[in-house]
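One chain, subunit A, links the two complexes that follow: it is found with subunit B in the first and with subunit C in the second.
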Partner chain A sequence: MRIVFKTSYLQDIRPWKDGYQLSLYLILLACALAAPLLLDDFYLGELTNVLIWAIAGMGLMVLTGHTGQASLGHAAFLAIGCYANIILLEQGLPFLLAFPLAGLITGVLGVIIAIPALRMHGIYLAIATLALSVLMDDIIVLSEPLTGGVAGKFAPPVRVFGIEIDRWGTPRAFYWLVLAVVVIVTLGYINLLRAPLGRSFIAVRDSEVSAQAMGVHIARTKVMSFFLSCAVTGLAGALMGLFAGAFNNETFSVVISILLLMMIVIGGLGSIHGAFFGAIVIGFLPQFLSISKEWVGALIGGNTVAIPGLETGVFGLILIFFVLFEPMGIYGRWLKIRTWFELFPFYRRDMFKRQKSYLKTERLR
Partner chain B sequence: MSLLTLDNVTLRFGGLTAVDALSFSVEPGEVFAIVGPNGAGKSTVFNLISRFYDPASGSIRLENDDLLAHESSDIANLGIARTFQNIELFEHATVLQNLLVGRHRHRRSTMLSELFFLPSVRRAEIENREKVEEIIDFLDLQPHRDKMIAGLPYGVRKVVEVARALATGPRLLLLDEPASGLSVEETSDMRWWIEDIRRQMGITVLMVEHDMGLVSGVSDRVLAMADGARLALGTPEEVQSHPAVIEAYLGRAS
Partner chain C sequence: MDNLQLVISGLANGCVYGLIALGFVLIYKATEAVNFAQGDMMMLGAFVTIGLTNAEYMGLPFWVAVPISLGLMAGFGVLLDRLLIRRMFGESQTSVVILTIALGFVIRFVAGLIWGHEPQTLQNPLAGKDIRFGGLVLGLEDVAVITVTVLLTLSLYLFFARTKLGLAMQAASQNQLAAYYMGIPVKRVQGLIWGLAGMVACVAGILFAAKGAVDPSSGLLGIKAFAAAVIGGFGSLPGALAGGLIVGVIEPFASRYIAAGYSQIAPYALVLLVLILRPHGLFSQIRLKKV
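Now for the complex of A and B:
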C-alpha cells in the first residue's frame, strides 16, 4: 500500500493523490487522444458513443449519485438539449455558441421542473420524473413547428474554428470534439466535489436534517443540483443528436431514461468513475452480444438466430446481479480488487462491510 | 444580557402538548443542562431552537435576535450549532468531509467559481482546512481523518458529531445526549472536552443528558423537565434534591 505523507493543505486539496496516480490518468488521457489513430471507424464510432453516454451518466450522477435524488426523467433533458442545439444551429448560431446555450437552456428548464419536485423524495420523485419522460414524447409531437414532430429533424454538420465536423464525414474530428467535452465536464465535476457546493450535495443526500443544522439550504441546494445535472445532460443530448444524425419524438424514450439510471447503478453510485464504467457496459454490451451471437451461431453450425428481447434480458440480469451482490457497482468492485493487491496478503473479507446505520432521527416532515 | 431566552414557549402535536409554556434563559459562558424522564420534551426544545418546529406561542431569542424570524438553515449562521441524539452524520463521506460541511456557513464562493476552482476558492479551502484541523487536533480525531463514517465505531461517531458542530464556529453549542451509549472512559473524555469547549473556546453549552454524573460534573445550572413543563431550575445539587424531580423519576412515596 502506498502511503502518502501530506505536508500541506494544497496537497490534500488537489485532485490526485500523488505523482503516480496523476501519471496514470495522464497516460489514460494520452491513449484517449491517440485512439483515432489506432482504431478503425466502426470502433471509433462505438467509443464516441460510450463517451457521450459517460457525459449523460455524469449528468445524472450529480443528481442521483451525489444529491440522492432519483430521476427517471433524464431522457427528457437529453431531448431538450438535443432539440435546443439543433434549433439554435438552424437559426444560424455558430456551434461554439449554440452548444453551451443548449446546456444552459436545459439547465434552466430543469430548474423550472425541479421546483415543484423539491418536496418529493425517493420513489415519488422517481414517478414524477418518469411522468415527465413520458410526456416529453407528446410535447415534441405537439410542438411540431419547432421540433418537426414525428418526422423529426436532421443534424447539420457543424463548424468549430473553421473545421467542419461531421459524424460520418470526419469521425475523428467528431471524436475529439466529444473527448474535449468529456474532459471539460469531468474537470468541472472534480472541482465541484472538492468545493463547498459538492460537499453540500453529499450532505443533502446523507442527512437532510443535519445538513440543515449545518446551514445548508436544502431547497436551494437541490435546485443547484438539478441545474448542473440537467445542463450536463443537455450537453450530452446535443452530442447524441449530432451523433445519431436524425432523431424524432421516439429517440429519447422512457427506455433511455431507465437505461441511464441503470448505467450509473451498475457503474457505481456516488463516483465519477461509476459514470464511465457504466457507460462502457451500456455502450459495448449490444455489440458484444451481437458478436457473441454470431460466434455461437457459427459454433453450432446453424444460422444466427434472432432472439427477441435478448439485450433487455441481459441488461436486466446484470442489474439484478449488481443490486444483489455488488451494490457499490463496478467501481466498488474495482476498489476491492485494488485493495486486495495493495494489502496482499492481509486483505480481510469483511474489509468493506459497513455497519448497519444506526437509528436515524425521525423525519421531521 | 442572556445569550438564549425562551419565553412561554408552547408546542402542540395534535392533542399532545409537547412543550408547555416553558421559559428559561442561558447566560453567556455557562454550561446549562436539561434533564428529565423520556418524553419530557427535551429534544423537542432543541428542535424548536433549530427551527425544525414552529411553536404555537411564545418567543425564542438569541440576544436581541428573534429566532422565529429565521429559517432553520439560517440558525447555523447565527452561531448556533447542534448534535443529534441518534447520530446524524453524512455516512458516505469521510470524517474530514463531514467537518468541512460544518464550515459551509462560511462559504463565500459562487457555483461558477467553484466549478473552475478559482484561486479565491482555493484560499477559502485552505482556511477551512486550517480551522477543521484545529478541531481534529482538539478532539484527537487524527487517526480517523480520512475514514468513511460508515465504518467507524459508535463512540468515534459521537465525537465526530461534536467536532462537526464545533467546525461551524458557534457561540452556542447544543449537545443532544453527548454521552448516551458511551463507555465510562469515553464519558469522562466527553466531560473534559465539554469543559474545554467552554473554557478554551469560550462557547456556551446547552445540553440534554441523562448521565447525572456528567451533568453534575460539568454544568453550572440544570433545568429539570417533565411533560413539557419546567419542574425545577438551579444548581445540580438543588435540582437533584428537589422533591418534584424525585417524584417525576421515582414516583410518590405512598
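Now for the complex of A and C:
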C-alpha cells in the first residue's frame, strides 16, 4: 500500500492522487493515441463506437449517477444532437462550429424539458422521460422538412483544419477526432466533480433535504445537471450520427434510452470509470456473442442460426446479475479487488457494505 | 352512433391497459416499487394460455387451460419474488426499476425463443360472435373484456379495503419495519402480491390475445399502461382502471379526428401533460416530504 503524504493544501483537490496514478493515465492515453497504428480498420471502428458510447454514458452519468435523477429518455437527446449537427452542417457551417452548437442546442432543449421535470421524483421522472423518448420518434417524423422524416438523413464528410474526416474513408482521423472529444469531456467532468457545482450535484443525489439545508439551490442545481448532461449527450449523438453515416427516426429508439441507462449501471453508477466500463461491455457484447455462437456451433457440429433478440436478452441477464450481486457495477468490483491487494491481508468482506433503508411511504393512504 | 361504437371499442382496449396498470398499482401499493416488466408478464401470460389452448400446441379445452395458466403465472410471480425481488429488500427504488426493466428484456427473449416472433391469436369460444343492440354491433369478446375487468377491479378493491390480508399488504407498503413489528409477515405478503400481480397480468394477457394477435414485443404495450397508471395516480386501483379507460377511449377518437401522424402520440402527450401539471399523478396521494 502506497501512502501519499500531503505537503500542500492544493493536493486535496488535485484531480490525480500522486505521480504514479497520473503516469498510469498518461500511459493509457498514449496507448489510445497509438491504437490506430496497431489495430486494423474493423477493430478501430469498434473502438470508436465504444468511445462514442462512453461520451453518451458520461452524459447520462452526470444526471443519473451524480445527481440521482434517473432518466429513461436520453436517446431523445442523442437524436436532437445528431439532427442539430447534421442540419447545421448542411447550412454550410464548419464542423468546428456546428459540433459545439449542436451540444449547446441539446443542452438548452434539455433545460426546457428539465423545468417541468424538476417537480417530479424517482419513478415519475423515469416515466416522463420514457414518454419523451417514445414521443421523439413521432416528432422526428412529423417535422419532416427539417429532419427528412422516415427517409432519414445522410451524414456528409466533415473537414477539420482542412483535413477531410470520414468514417469509412479515413477511419483513423475519425477515431482521433472522437478521442479528442472524449479527452476534453472527461477532463471537464473530472474538473466538474471537484468544483462547487459538482459537489452540489452529489449533495442533491444523497439527500435533497440536507442539501437544501446546507444552502444548495436545488432547482438551479438540477437544471444545471440537466443542461450539462443533455449537452454532452448531444455531442455523443452528433458523433453517433457521423459514425452511423445514415439515420432516421428509428435509429434513436426508446430501446437505446434503456440500454444507455443499463450501460452505466453495469459500469458502475457514480463514477467516470463506470461510463467507460459500461461502454466496453455494450460495444463488445455483440462481437463476443457472435464469436461464441460460432464456437458453440462448431463444437456441437450444427450450423449457426440467427437468434433474434439474443443481445438484449443476454444483456438483461448480465444486468440482473449485476443488480443482485454487485450493485456498484464493474468499477465497484474493481475497487474491491484493488483494495484487497492494497490492504493484503487485512481486507474484510464487509468493508464496502452499504446501509439498508427500509421502506416508508409518503403516501397518505 | 359512430361515436358510441368508437367509445365501446376504446373501452375494450382501455380495459387491457387498465388491467396492466392494475398490476403496476398492486405492486406499487404493496412494495412501493414499479414493475416495468408488467407488460412483458402480460405477454407471457398470453403465450402460456396460447400454448395450452391452441390446437397446434397442447390443444386443451379453453376453460381447462385458463385456470392452469392463471396458476402458472401466479407461481411465476411468486418465483420472481423469491429469486430476485426479495434480494432487493432494503435497496433503492431505482435499482428495483432497473432490475425489472432487465427482467422484461429477458422475458421477451425467452418468449421469442419458445413461441417464435410471429403474431398469434388465442383460439377461444367467444371469437367471431357479436351482439346486435339497436344499430350497435358489439363483439362478444369486447363485452367479455369489459365485464371481466370491472369484476376483477371491484373484487381487488374490496380485497384491499375489507380483508385482513389486504390491510396487511397496505400496512407493509406504508412502513415495512413498523408492519414487521406488528407481526405482519412482510416477506410472505410481498410474495403473495407478486403472485397476484402475475395472475392479473395473465388475465390481461388472455383478454388481449383473445381480442387481437400477440407477439413477444407486445409487452411494450406496458408503456401505454404507464399512462393509465400515471393518470390514475399510482396508489389507487379504481384510478388505474379509470386511467386505462381514458387512454383507451382517447386513442380511437384521436385516430379519427386528428390528422394521421399526430394521433398515435396522444397517449404519451397526455402522460407528459399530466406529469407536468400534477407531478404525482391526477389523484395525488403525496404531500410534502417530512424529515
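Simple rule for what comes next: the second predicted complex is superposed on the first by the 354 of 365 C-alpha atoms of A that agree within 3 Å, B and C clash if a C-alpha of one lies under 4 Å from a C-alpha of the other, contacts with A are read in each partner's own complex, and residues count from 1 in each chain.
Just so it is clear, a residue touches a chain if its C-beta (ideal position, glycine included) is under 8 Å from a C-beta of that chain, and two chains touch if they have at least 3 such contacts.
Given the structure is predicted, the values throughout are model-derived calculations rather than measurements.
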| item | value |
| --- | --- |
| Contacts of A:163 with subunit B and subunit C, given as first, second, both or neither | neither |
| Partner chain in contact with A:128 - subunit B first, subunit C second, else both or neither | second |
| Which superposed partner A:188 touches (first subunit B, second subunit C, both, neither) | first |
| Dominant contact partner of subunit A by residue count, subunit C or subunit B | C |
| Touching partner for A:146 - first (subunit B), second (subunit C), both, neither | neither |
| Partner chain(s) touched by A:22 [first = subunit B, second = subunit C, both, neither] | neither |
| Partner chain in contact with A:291 - subunit B first, subunit C second, else both or neither | neither |
| Which superposed partner A:212 touches (first subunit B, second subunit C, both, neither) | first |
| First (subunit B), second (subunit C), both or neither touched by A:309 | second |
| Common ground on subunit A, meaning residues reached by subunit C in one complex and by subunit B in the other | 209, 357-361, 364 |
| Contacting residues of subunit C [partner subunit A, same complex] | 31-32, 34, 84, 87-95, 97-99, 101-106, 108-110, 112-113, 117, 170, 173-177, 216, 223, 226-227, 230, 234-235, 261-262, 264-265, 268-269, 271-272, 275-276, 279-281, 285-287, 289-291 |
| Contact set on subunit A toward subunit C in their complex | 70, 116, 119-124, 126-128, 130-132, 134-135, 138-139, 141-142, 209, 254, 258, 261-262, 265, 307-310, 312-317, 319-320, 323-324, 327, 356-365 |
| Footprint of subunit A on subunit B - complex, ascending | 47, 50, 52-53, 71-77, 81-82, 84-93, 97, 100-105, 107, 109, 111, 114-117, 121-122, 124-126, 128-130, 148, 150-151, 154, 157, 164, 168 |
| Subunit A residues touching subunit B - in the complex, by the definition given at the top | 9-10, 12-13, 188, 191-192, 194-200, 202-203, 205-207, 209-218, 224, 228, 270, 354-355, 357-361, 364 |
